[in-house]
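Two complexes are shown next, each including chain A; its partner changes from chain B in the first to chain C in the second.
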Partner chain A sequence: MGGDESTTERAVGATGVASSLSVSVAGRELSGTTALAALGVGALLFAPAILANYLIQILTLSLIFALFAISVDLLWGYTGILTFGHAVFLGGGAYLMGTLLEAVGTGPAIVYAGLAAGTVLPGLLGLVVAGVLFSRGISEDYFTIITLALAIIAEQIAVSWSSVTNGANGLLVPPARVGIPGVVATELTGVPFYYLCVGVLLAGYLVARRIVDSPFGRALVAINENETKATALGYDTEKYKTLVFGVSSGMAGFAGTLYVLSERFISPPLLGFVQSTDVLIWVLVGGRGTLVGGILGTISLRFFENTISGALAFSWILVLGIVLILIVLLFPEGLVGVVEVARERLRDRRDDEATDHSSDL
Partner chain B sequence: MNCLLLAGVDTELVASLALNALSSILILALSALGLAVIYGFIGVINLAHGAYFTVGAYVVWLTSTELGIGFWPGFLLAPLVVAVVGLLTEVLIIQHLYERLLDTILATWGVALAIGEAIKLLFNAQSKEVGNPLPGSVDLVVTTYSTYRLFLMGVAAVVITVVFVLFTRTDAGVRLRAVIQDPTQASLLGLNETRMYQFSFAFGSALVGLAGAAVAPLTTVEPNMGISYLVQSFFAVILGGAGTLIGIVPGSIIVAGFSNVGTFFISPVVAQTLVFLLVVALIVVRPEGLLGGQ
Partner chain C sequence: MTTTQQTETNAARVESENTLLRIEGLTKTFGSFTAVDGVDLSVPDGELHSIIGPNGAGKTTLFNMIAGSLRPTAGTIHFRGTDITAVDQDERARRGVSRAFQITQLFPGVTVHENLRLAAQADNQRFNPLATRNPDHDERARGMLDDLDVDARPDEVAANLSHGDKKKLEIGMALVSEPTLLLLDEPTSGVAEAELPALLEFLTDAVTDLTVLLIEHDVDLVLELSDRITVLDRGEVIARGDPEDIVANERVQNAYMGGY
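Up next, the complex of A and B:
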C-alpha cells in the first residue's frame, strides 16, 4: 500500500505534496505543519496591532482575493481545469451585490440577500457554462480559450451596459450595514471587517480542505492525474468537473460580494481577463494544488504590488509577466513546491544516512 | 423609378458592406493562418499571438512617424521583426516546454504581458495613429472603395494562397507538416525536428506581424490592440478544425464576417457577444471543427 501511494503522489506532483503531508507523514512533521498553520493564523490575528491602517486595508482585500485564489486552486490545482475567465464569476458576484446596495437599499436584509445571490447565481452560471462545455468532451485548451473569450466579452458588456454598471467609470456603492434585520444595523469597516474576512477565509479554506479530502476531492485528483484512466475506473468525470466548476464559481462570486463590501466600488476590469490572469499568477507562485499556496501567493504578491511596485522604475505587470515565464520554466510547483521538495530531499538524505548503504546513489 | 433609385443606393451600400467584411475576413485569416501553423501543427497554445500582432502594428508606426522613413519600409520590416520575436520565444521558452504543452499557455501569456508592458514603457500607453499610405479610392462601378483596403485585401489573398501552396503542394511543405505531426518519423528520416519547430514558429509569427502592420493605418495603434485578434484567431482556427490549414477560411468568414456585418446593424458589443455564443455553440456541436477529420 505504501509503495502504491508514493508513486501516485509523485505522479500528481504538486497536488501530491500537500496530501503527502497529511497522509504519509506522521509525528514530527505533521506537528510542524500544524505549528506553521497556527503561526499563520496568529500572524493574521495580531496584524492589526502591528500594521498601519492602510496596510490592514490592503491585507483585508488580499484575504478576499485569497478566497478567490482558493476557488481557482480547486479547479486548476486539483482538477487540472485551467480557466482564464474566473474573474467573470468574481465580478458577477460583485456587480450583483453592488447593484442591490445601490438600487434597493443598504440594510442587513439586503446585504444577506446579496451574499446569497452573489454566491448562488455565479455558481449556477458556472454549472451551466461547464455543463455545456464538458458535456461534449471539449479539450483542455479549447476550454481555456473559451474562458478567456468569456472574460473579454464580460468586461466589454460591463463597459457598455452603463445604465447598470455606470460603464468604464465604475459604480460607487453606498456603505452596507450588517446586523439583525429590523432590529439592529451597523456599518462594518476597518479592523472589525478585517477580522470578519480572516474568519471567512479560514472557513473557506476549511470548506475547500474538506472538499479536497473527501471522495469527491479524490475523484478530482484522479481526473487531474489522468482523465482517461479516471473514466475507465468508473468516475463520471464530466459530472465531477462540472460540479467543481460550479462550487468554485460560487466561491468566487462570494469573494466578489465581499470585495464590494470592502471597496464600495466596482469597475469593469474586476471581471476581465487581467483579473483572471492575476489570480492564476497568485496561485502559481504560491503553489498549485495546495490551497495554502494560493493564500500565501495572493498575500505576498499583493503586498509587493502595493508597497514595492511604486518604487520600481518599470511596471509591476512587466515583473509579473517575467515571473510567470520563470516560474513555469523553473519552478512549476510554486513556493510551496520548492519548500516541499527541499524538505523531501532533506528527509531522503536523513533516511539514507540512517539506512546507510549505497547512499552514494 | 423610385424603386430603381432605392435599389441603386442599396447596391452601393451592400457592396461596400461586403467589401468591408471581406477585408476584415482576410486580415483575420492572415493572423489565423499564423496561429494555425503554430497551434494547429505544433500544438503550442500561443497566447502571445495577439502581442505579436501589436508588435507588427508598432513597427509601421515607428517607421512612418518616429523614424520618418515612411510606411512601406515598416510594412516589409514588420514580419521580419515579429519573426525574430517569435523565434526568440521559441528558443528561450517554448523549446523547454514541449514535454508539457499545456504549460505553454501560461508561459506565452507571460510573454504577452511582458511585451504589452514593454511597449507601454517604451512608447507610453496612449494610442497612436498611422497615416494611410494609399489615400484616395478606386471606382468599382457599383461603389467607390478605399485604395488601401483594396491593396490590403490583395496582399492578404496572395500571401494566404502562397502559404497554402507552400504547405500543401510543395515537397518541402508537405514534409514539414508530416514531420511536425509525427516527430518520431522526423528523427528516423534524419530531419532536424528542433529546426522545423523553430522555422514554423518564426513563420507563423511573421504572418501575424504582417497582419498587425496591415491593420495599423485602419485603426488606432495601442498596447492592447492584439487581444481581440488573439481570441478571434483562436476561434477561427478551432472552428475550422485545428490541424487543417484550409479550415481557417470558413473559420475567419464566420468570426470576422459575422461581427463585421453585425456591427453595422447592432452595437459592436452585442454583435461580438452573439458571435461568441455562435462560435461556442458551433464548437460544442462540432469540437473537431467544420473541416476537421473524424
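Up next, the complex of A and C:
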C-alpha cells in the first residue's frame, strides 16, 4: 500500500497505468474458470478432428463413465456417503436397456422407453435401498458395507439369471436406432454418437451443478460437514440422504443405458464390486466434491489405462497402482487441486510482475 | 425451603397461561445409573431460566432430552402446549427449539457466512434438488454476522476461527433461525478473559426477547442474567427460585458450592 502511495506522489499518469494493469489482472482472474471450462469443452469438440477412431470410441465410453462418476461424487464428495456398490445402478440401467433392445425391438420408441426406464427404475431402487437403510438409523460405515454386499449379490444374479442376461458370457445387444418413432429412425454410432455423449455429459454436469448449488445441495454439504449439527438445526438428514441417493442412482442408471448404446454388450462385472471401486478411484484422482474432478479423473485415468496397457501388457496395473498412491499422497485434492495450485502460482507471479512493472514506471 | 416451595406454587399458577416449556417427571437412566431423576420444570414465555449444579448433575442430559437428541426413559415434555416427547430432534428444531452446544459444533469446511446461511435455511426444508436459493437466508446470515462482531472475515473457513469466534458463531447459528426457545449450554466455557465482556454484551442483547434455558458454570453470570434458577444435584431438583432465593438456600450451598 505504501508503494502505491509513493507512486501517486511521483506521477499521476503512472498510477493510471498501474490501476488499469491491476484491473486487467482481476478481469483475467475472473474469466479464468470460464476460460478453463471453454478449453475443456473445446478440446472435447475438436477431439474427432485429431484423434483416431478407436480413441474416440474410448473417449465416448469415458464420457459415459464420467457421468457415472458425477453421480458418485454427489454422494461421496458432497454428502459424504461412500458406496462400494454404485455399479448396481449403472448395470441395472444397462441391463434394462439391453434387455429391451434384445427382446422387444430396436426402434426409437424402445430406445426412449429404455432411457426412461433405465433412469427411473434404478432411481426408485436407490430410493428404496437408501430409505430402508437410513430410516433404521444405520451408520454410514455399515451402509458402505451393505452397498458392497449389494454389488456382489447383483453381479451374482446377473451371472445366474442366464435366461435373461445370458449369464457370464454376457448379453450381445443389437444396434439401436434413434429418431422420431414411426417416422425417421437411424443408427447412431461413431462421431455423431460421440457428440451426443458430449452434450449429455455437459447437461448432466449442469444439472448436478444446479443440484449442489440449490438449498437442497447445500444441506447435503451441511450433512457431510457435521451431521449432528445439521440435525440439531432442523435438517431431516435421513430424508436428504435418501433423496440424493435416489437421484444419484437414477443418474447412474441413465449412464448405464448410454453404455449399452455405445458398447452393445453387457456382462455381469458391469454391476459388480470392481466397477464400483473403479469409479471411486476416478473421482478421488480427479478431486472429490468438485463434480468437474469426476470428469477429469475418468477421462485421464481411462486414457492412461488404455494406452499404458498396450505398452506394458502385464505390469500396467502395478504402474497404475503406484501412480494412484502417489497422486493420493501428493495431491489429496486430486487433479482439480493441482490445477488450483497451478493457477494460484500463476496469479502470484502475475501479481509480482505487475508490481515490478509499476515500480519500473 | 418454604420460599422455594412458595415460588413453585406461584409459578404453577402462572403456568397455564403462558408456559412455553413444561417438563414432567423427566427421567433418564443409563443402565443402573440415573442421570436425570424425575425432573419437573416449567418455563414461561420470555423467561431466562438457568440450570446449575455440580459436574455430573445431569444438566446436559436434561438438555439432550429437551432438544430431542436423547429419548427420556420416563416423563413428558410439552412445548407450546403440545406433547413433543416423541417428536424427532430435527422436527423440534423446526418448531423453534434451538440449541447452542457446549463443545462448538460447526460446519468446519465452509465459510463463516455459509455456516450461518445453512442455519438460517434449516427451518424451511426444501427437497427440490433444482430449487434456487432464498436470498432472505443470505440476508439473515449477513445480519447475524454483523451482530456477532467476529474478527474473522465472512469468507473465512470456520475451522480457522479463534475459539472465541467459534463460540460466537455457535450461538449465532442457534439464533439466526429465530427460535422460540434457546438452549444455551455453557456459552462462556473456554472463552478467553479478554473476549468475555464482548460475548456477554452480545448474549444479553440477543436473548432479551427470547425464552432461554441456560447451563453455565460462571455463578456470577448466572445470578446476573437469570429470572429463575433450577439447581440439579445427582439428577434431582434440589432447589428452584429467583437468584436471591438460590443464594440464600442452604442445600444449594452444601451441594453445589461444596462440590465446586
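Descriptive notes on the structure:
Here, the second predicted complex is superposed on the first by the 290 of 361 C-alpha atoms of A that agree within 3 Å, B and C clash if a C-alpha of one lies under 4 Å from a C-alpha of the other, contacts with A are read in each partner's own complex, and residues count from 1 in each chain.
By our rule, a contact is a pair of C-beta atoms (placed from the backbone, for glycine too) under 8 Å apart; a residue touches a chain by one contact, two chains touch by 3 or more.
Since the structure is predicted, the reported quantities are computational estimates derived from the model, not experimental observations.
Contacts of A:232 after superposition on the shared chain: chain C is touched, whereas chain B is not. In the superposed model, B is the one of chain B and chain C that contacts more residues of chain A. With both structures placed on the common chain, the touch criterion links A:182 to neither chain B nor chain C. Comparing which residues of chain A touch chain B with which touch chain C, the overlap is empty. Contacts from chain B toward chain A in the complex involve residues 45, 47, 93, 96-97, 100, 102-103, 105-107, 109-118, 120-121, 227-228, 231, 234-235, 238, 267, 269, 272-273, 276, 279-280, 283-285, 287. Taken together, the chain C residues at the contact with chain A in this complex read 67, 69, 88-91, 93-94, 99, 101, 105-110, 114, 117-119, 121-123, 125-134, 137, 173, 177.
By the touch rule above, chain A contacts chain B in their complex via residues 82, 84, 132-133, 135-142, 144-146, 148-150, 152-153, 156-157, 159-160, 273, 277, 280, 284, 314-315, 317-318, 320-325, 328-329, 332.
Considering their complex, residues 207, 210-211, 213-219, 221-222, 225-226, 228-237, 239-240, 243-244, 247 of chain A touch chain C.
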